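The following pair of complexes shares a single chain, chain A, combined with chain B in the former and chain C in the latter.
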Partner chain A sequence: MADVIEVGAARKDAPPPAGGKGRRGVTERGSRATPYLFLAPYLLLFLTFGLLPILFGVWLSVHQWDLQLPNRPFVGLDNYKDLFDSESAIYGDWWSSVKATAIFTVFSVPLLVVIPLGLALLLNKSFPGRTFFRAVYFAPYVLGVAVIGLLWRFLLDANLGLVNRLLGAVGLPADTPWVTDVPWAWVSLVGVTVWWTSGFNAVIYLAGLQDISPELYEASRMDGANAWQRFRNVTVPGLRPVLLFVLTTTILASANVFGQSFLITQGAPGEETRTVVWRIVDEGLRDNDAGRAAAMSIVFALALTVISLINFRFFRYRED
Partner chain B sequence: MTTLRRSARYGLLVLLALIFLTPLVWMLITSVKTYGEAQKIPPTFVPKPFSTYGYEQILGNTANPVLRWFLNSMLAATLHALLVLATASMAAYALARLRFRGRGVGFALIVGTLFIPPTSLIIPNFVIADRLGWLDTLTVVVVPGAASAFGVFFLRQFFLSIPAELEEAAVLDGANHWQIFSKVLLPLSKPALATLAVLSFLTNWNDFLWPIYVLFSPERLTLPPGLGLLQGAYVTDYPVIMAGAVLASVPVLILFVAAQRHIIQGVSRSGLKG
Partner chain C sequence: MIQNEMSRRRLLGLGVGLGTAASLTLAGCGGGSATKSGGPAAGNGGKDYTGPKVDLKLWNGFTGGDGDIFKKLVQQFNSEHQNIAVAVTTYQWEDYYSKLPGAVSSGNGPDIAVMHMDQLATFAARGVITELDDVSKALELNEGDFAPTVWTGGIYNDKRYGIPLDMHPLGFYYNKAVMQKAGLDPNKPPTNKEEFTAALVELKKSGIQGFWVSPFQFTGGMTFYSLLHQWGGTLFDDQVQKATFNSDPAVEACTWLVDMIKQGYSPANVGQDADYLALKAGKNAFNFNGIWQINDIAKDPAAQIGVAEVPQLGTQKAVWANSHNFTIVKQRGADNNKISGAKVFINWLSEHSLDWAKGGQVPARKAVRESAEFKAIKDVSTLAPELEYAAFPPATPGLGEVLLTFYNSFNEAALNKKSPKQALDDGVAKANKQLEDNRKKYGN
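Up next is the complex of A and B:
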């Protein structure tokens, strides 16, 4: 960080601020400081809130860092050990949140990979109204999790919610406890997330589909391939990089689930739907144990990195 | 056969559209019901009479100053988008057009952070924001998020796609880098800048996890943490809660309709990097 501050302080020949006109023209071209001056504002942000927190997180994780107490002793790997020691006070809560996050991820990811692909295939041909339908399917995604959470807490309300009323109207059970009992709470969280973010993945797939050359489909059709064979032999291989991207980003997004369970199931029943991210922020910012929360963050980030790497590996081998 | 298939396709498209839209329409309908009507079973689809109850509760509310939250959100998201545009475009120019020591390493480092889930940096970022004295201020919801590498990466790719010949005339006229950047490259990049501005605004407007922990005073909140408070205060008084949700949705839905092309292009381009 010190470097950036020096660059910022040495702004004698800085380019003039936005909106101003260059004063000295040619003489400034090629000045050695120029690139760094262009970078300085972003670099200051990046170092303070992008890079520093990574290093600082490691530092926090090896200290008993209570936000309210002045004394923050070094504790080595104790914060990490606690997470894996069934005797420790945090063990049960931590693994319960890991389990919740795993359940949500395992059920939401396949749906969020397959359903948007279906939507994209449906929207890939050109027909009147195509842009309209694409916009409609994408619309929920532009709303934030706070809005989605309040809205679905209401829709899934066992007594007053529209979901149970509609089910009742077609003769199905109308008293499902969607947000207060398992497995319904999981169905709700996964279902809402699919409804909320499918349009986003569909748009990514659509861009990928449009990059597949129509000639490949034509050639395949000439060879007598039916629709399914064309999908298997042309669409899927053509989409492989996009599939990898969608799969990886969706796993990351699902593993980071927070707002849905915070607002819709509110952790219920008990704390069964309380997720890892929720546990981390609660531990660090509500219970003030920033050291342990930082250790949790690091274990969590490492686990996700490993999963992403396995993903990339798996897809690369399949390509050979 | 083809007519049959076409009708089947439209049937499916419309059914899906209903699934995506009904919850949003229901939010709007409920927001103009009275408390009594929202409690009715079976529910009514057309409120009789249309009521401003939910919105009145919200607008005259001193314990939950929703209008204030709305203004805070508007200000925060606008300033955030401007900050991202200014800092990311300058950095992207250096990375795309200038040669300097450390460019490769720096770029790799910046892009590398794209793979770190931002949620895992929340605890250290909270402590850093605290040290800076930023907790419970507007700054804390405007600035830290602008460290995201997405904008720099996105604009760098766009700048690289612009042929450098377009800048040569300016070079021959003796323009310096600042002039090339601001007079030639930025005007050519309007679509990408608009996309980034809209995406940054949306992200900031919708952000929930960070503001619920770094903002405390009721009058300092942005809408998402505010809506959480509203839910806690009104529990099953759904017209009021839905009125709050409508208020938080309208600006982004308008923005989406107006800038649909930019948003969809931005999203699809972010996918193609994969």
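Up next is the complex of A and C:
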């Protein structure tokens, strides 16, 4: 930073660049508009496809809005009130979906933060076949949710599935209802998700690990630090920005879970594994109530924003 | 590496965001009020079409073997009609119904849409499809040509919106090899409760759980739907104002099914499709499944699956059924030529519904059903008599979500999360709220 200022200072005495200071709003770095022009392509996309839909969503949420019906009365905050009024038709479904999403997020996030870190530490060592294993652990992530959903639904079937058959073969109970009863359904959903997406987080960790300077490890080794101390005092601090990124994106991704429960458990038993995003899709596209769906989305988005802010706060605090 | 991955993810996220936003804005801009009805006046109700060449888009959800047969019929129609070209697009039914409204209001919808009977009222009330009274007049169709429920099911607010193409009831599939192994006559599948339970007892003796009860809509929920009517119950009252699927007969029917699991005639926690897969694999003897599975069992004769009418387990015969209907979609700029062309197509295909029967569906037209050619189509014609007592879902807008509540309450009972009575009571309480919501929304 200091270097830049000095350079700038030195140039004050130098003759002005050709055509420089004459025009208003033009500095030696170019027009004031320049940064905005650089921003413009993204900003335009963001405004059109980010901000505008969000505002439109807020507008929808205060109406009873059906895409086809001509009558779209303004209902004020009724759509929001319905979410908190135990007498409304959607109250039960909404809160059971919130509960389902919360359970899934609470159990999947810690696993998706820790297991990939362990994987990355292992894959960062040099051993024969390292590239092969890196590919192997990343491979499931390449598959679409439809593929893994159907695959695991059949593997986990209580009566016909391979998982129960293998468990039976080694003398364990062979009638576990993996996809039709809780808590087993949660074990399945979290397990499948960890298997499916760990590779992605591991790759990010791996990149972070490779950014940590080897000199730091060398120096700590010279000072007599053992493996745990090196991990605790070199690896973890070095990974902090990466950890923040992984934690934040994993919470958001887990809270947005939809395909896995839609395909593997189909919401069973009853509606216990129906998640918030599924609920919103049904409300808006199946039951044609875009107003309620928008209200749900906004409440959900606000909740996630608060969680992310806490998350950032926590990490910044640690940094100070 | 990290750079690549992150930008990839961001790109993906952006792509998804763009797609969603675009479809939302499109759907949002193209409000339903912009759609115009060009319906009844156009053409002569489908007798013929002599105008300039029209291209018609048709959407359906025939993803199984029936889809190929449908496409062949369309090819034949196109070659016989020089000035009408029909192009077919197929989606999964679930996607289909959520895609259609958005596509129509953004002007990208089809001209002709195939729809289930219980969806007609919803889409009619929401102004997606247009009246077809003149088509039924031109085709000289009346109630006598169809099963009465199917015919009246196409009417909403005294106007006709759907021309029935076919009907698809639940059928009774049984594994002959498994029956034989248990000492049962594979050519005499049970037809009533006594025979049915006696057969299950014999099967159990030879170590077969003979009647797998699925907790899911396909097919356990539809089985319960059938039995509820067999026991003399109904899902809703006559005006579809109140849900009635917690009546005594309904609870008894549900209890009977759940007891199948408790008595060991069915395993617990049957997964989606596991009942049918187990039937084909010889682990299950009896399964009530849709008529559309006839195509599937025909592919695998070695499995020795027989087809019969669903046995009478309650006090009367009854079976779940639904019907495919043709509808004409309202367009923003109405093109009368297209509408008359579409009517010609519907007329033509309705007349060729015998060929459609080969796709594993019972033709809607009585005359075709009674023809010798239809009776010669194995298995499909076996199930045709069921239509005399089939229980079709009522035609009320917004009923889809209420039916799902019904199926979910059975799910809770079949998975032993609640007693049948409790599950159905809870379901009815929720269904009544949904019905009330729908009345407010659709104003009836």
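The definition used in the following text is that the second predicted complex is superposed on the first by the 268 of 320 C-alpha atoms of A that agree within 3 Å, B and C clash if a C-alpha of one lies under 4 Å from a C-alpha of the other, contacts with A are read in each partner's own complex, and residues count from 1 in each chain.
We take it that contacts are C-beta pairs under 8 Å (C-beta built on N, C-alpha and C of every residue); 3 or more make two chains touch, one makes a residue touch a chain.
None of the values given here were measured: they were computed from a predicted structure.
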Partner chain(s) touched by A:L150 [first = chain B, second = chain C, both, neither]: first
Contacts of A:G129 with chain B and chain C, given as first, second, both or neither: first
First, second, both or neither for A:P41, with chain B first and chain C second: first
Touched partner set for A:A268, first chain B, second chain C, both or neither: second
Touched partner set for A:V98, first chain B, second chain C, both or neither: neither
Touched chain A residues, chain B compared with chain C: B
Touching partner for A:N159 - first (chain B), second (chain C), both, neither: both
Partner chain(s) touched by A:L67 [first = chain B, second = chain C, both, neither]: both
Partner chain in contact with A:V142 - chain B first, chain C second, else both or neither: first
Partner chain(s) touched by A:L112 [first = chain B, second = chain C, both, neither]: neither
Set intersection of chain A contacts, chain C complex versus chain B complex: 45, 48-50, 52-53, 56, 60, 67, 153, 157, 159-160, 200, 203-204, 206-208, 211, 242, 249, 285
Parts of chain B lying in touch with chain A, wherever the complex brings them together: 6, 9-10, 12-13, 16-17, 19-24, 26-27, 30, 38-39, 41-43, 86-88, 90-91, 93-95, 98-100, 103, 106, 109-110, 113, 115-117, 119-128, 130, 143-149, 152, 171, 174-179, 181-182, 202, 205-209, 213, 223-225, 227-228, 230-231, 236, 238, 241-242, 244-245, 248-249, 252-253, 255-257, 260, 263-264, 267-274
Footprint of chain A on chain C - complex, ascending: 1-2, 5-6, 9, 14, 17-18, 20-22, 24-25, 27-28, 31-33, 97-98, 101-102, 104-105, 126-128, 212, 215-216, 267-272, 274, 277-278, 281, 283, 398, 400-401, 408-409, 411-412, 415, 417-418, 430, 433-434, 436-437, 441
Chain A to chain C touching residues, read off their complex: 45, 48-50, 52-53, 56, 60, 64, 66-70, 88-89, 92, 153, 156-161, 175, 177, 179-181, 200, 203-204, 206-208, 210-211, 242, 249, 266-272, 282, 285-289
Chain B-touching residues of chain A, taken from the complex the two chains share: 15-16, 18, 21-22, 24-29, 32, 34-36, 38-39, 41-43, 45-46, 48-54, 56-57, 60, 65, 67, 119, 122, 127, 129, 131, 133-140, 142-147, 149-155, 157, 159-160, 162, 165, 168-169, 195, 199-200, 203-208, 211, 241-242, 244-246, 248-249, 252, 255-256, 258-259, 262-263, 277, 280-281, 284-285, 290, 293-294, 297-298, 300-301, 304-305, 308
